[in-house]
């Protein structure tokens, strides 16, 4: 799993993780511009980066990158501590928990696609329920669940295709970073 | 799955109050109780008590199986004073009142006629009785006025009295049931005794809503939102009965002719008193499309809906205000405002 | 790096997760059936006849007689609106389309009102 970086020494992996985290933040900010039936509820494109970190460095680093993305992303957009921030946090937490559960399964049972789909679906479910519980307690909101689950599945597959192709390249040739 | 688990958790968390539904085959029919409550144990306790009470009442009041009512019938025919079982006297007294209010169209004293038609048995006959047999009973038909009351004691003045309180017993039982539920601290419930219902309180988000089934069996004719304590009872010619030579013989017998009532298809009565609503729906079905308004007045029921053999709906102005008709229910609606 | 995770072709586990998530769609539909407020019927109340419930299924226009004259209610695509009403303010017409259950509009001067009803607005008991 993750290699242990010696203190105060910036390793190649650290650089990779930092780069991936900043990419995650960038995607997060881009994604905030995508229209959604409920403002703040997103399909979770930033999960692409989370998954890349997961496969290269393990769950703990993925969780770090995910948390950093939510925090830095909201600070940069200016939504820190706003409803949008809590929706992002809920989505990231739920998908990291879902990934964590699958990560515990024996290796080989579930691959990129399964993890990605479940992460995306958990992401939207958690966001929608958070939106319903905290901000818009109208049953209309939950009525969107089927649509958003469908969107989550589609984006989950989409993310997985991207992650798989990146993974393929990274394994075929040495990392450029 | 975390996503699903979170959704499940959050949905269940907001339901501290629930609508419990329990069913049991008591009182010779399927009884369902819906209770809106936040105290599940209290509600279950109340429903269990209600079901066992109904079971007891069914045995006590049965018109032809040995019990308090058959014992009473036997003694009533002997023309002497006696004290019936405790569960019987109030039923007899109220039946007499309803008999008078219905001008004899609701007649629980004519059990002998009902028995002649074969309805005092679990399996129904395959043909109606002979006309001469009907006539001989009809010539000297017992009525509830043949029973005298004195300080808890009763005396029958007719040798052929057999009490069949079937036309009001369910209503009386449901009244007992709602009273029992209230005593158990239940303030919101819907009691459904085989298609006759009484409501207590409401469902929470709205009133208890009852659909009145179309007598032709095709879906729902209309719906009524019950007020607190209101009951809705329907009698129809499609209920218990048998066919012989392409004719249907049902169990609501017209005491004037000795034959099953055929003046209407069904009558629905909305009233706070279940026993009165039950007896009135029976009496008005007997009265039929021509005479129902007079009997409704004398029975003091002002919310009545009658379906005639042409499929037309007749109703009182009071019922019109309360009922919502499905658009495919009837071509013609006739309002009787003077009731 | 975990060798198993470099597998880029979907396997049985992935398929299982996909199927599970797909199942969530009808499940959530069914399960939120009560919460969803998509109406399927409309109740129209008028002074001269009894209140009636009409299905929202075929698109059509219903003409209802009121105190002052005829109010027209158009039903289209699961929504309803007043298209004309003989009342002064015409608030009922101006309010436009109504598509949520429980929502409705009344033309008070003409005593004609409509309310949209959701499928869960059915009966707590059947009387027969």
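Observations
Letters A, B and C mark the chains in the order given here, with residues in each chain numbered from 1 onward.
One rule holds for everything that comes next: a contact is a pair of C-beta atoms (placed from the backbone, for glycine too) under 8 Å apart; a residue touches a chain by one contact, two chains touch by 3 or more.
These numbers come from a predicted model, not from an experiment.
Across all inter-chain contacts, the pair with the most C-beta pairs is A-C.
Among the chains present, the centre nearest to the common Cα mean is that of C.
Computed from the mean C-alpha positions, the centre of chain A lies at a distance of 63 Å from the centre of chain B.
Between the CA-based centres of chain B and chain C the separation comes to 36 Å, rounded to the whole angstrom.
Looking at chain B, one finds that residues 1, 3-4, 7 touch two or more other chains. Chain A has residues 118, 121, 145 in contact with two or more other chains. Within chain C, contacts with two or more other chains are made by residues 24, 28.
Against chain C, the residues of chain B that register as touching in their complex are 1, 3-4, 7, 32, 34, 190, 192, 195-197, 203, 206, 208-213, 215, 220, 223-224, 232-234, 236, 268, 315, 320, 323-327, 333. By the touch rule above, chain C contacts chain B in their complex via residues 20, 24, 28, 43, 49-55, 121-128. The touching residues of chain C, counted against chain A in their complex, run 1-11, 13-18, 21-22, 24-26, 28-29, 32, 35-38, 100. Residues 1, 54-56, 102, 105, 107-115, 117-118, 121, 139-140, 142-143, 145-146, 149-150, 152-153, 156-157, 160, 164-165, 167-168, 171 of chain A are the ones touching chain C in the complex.
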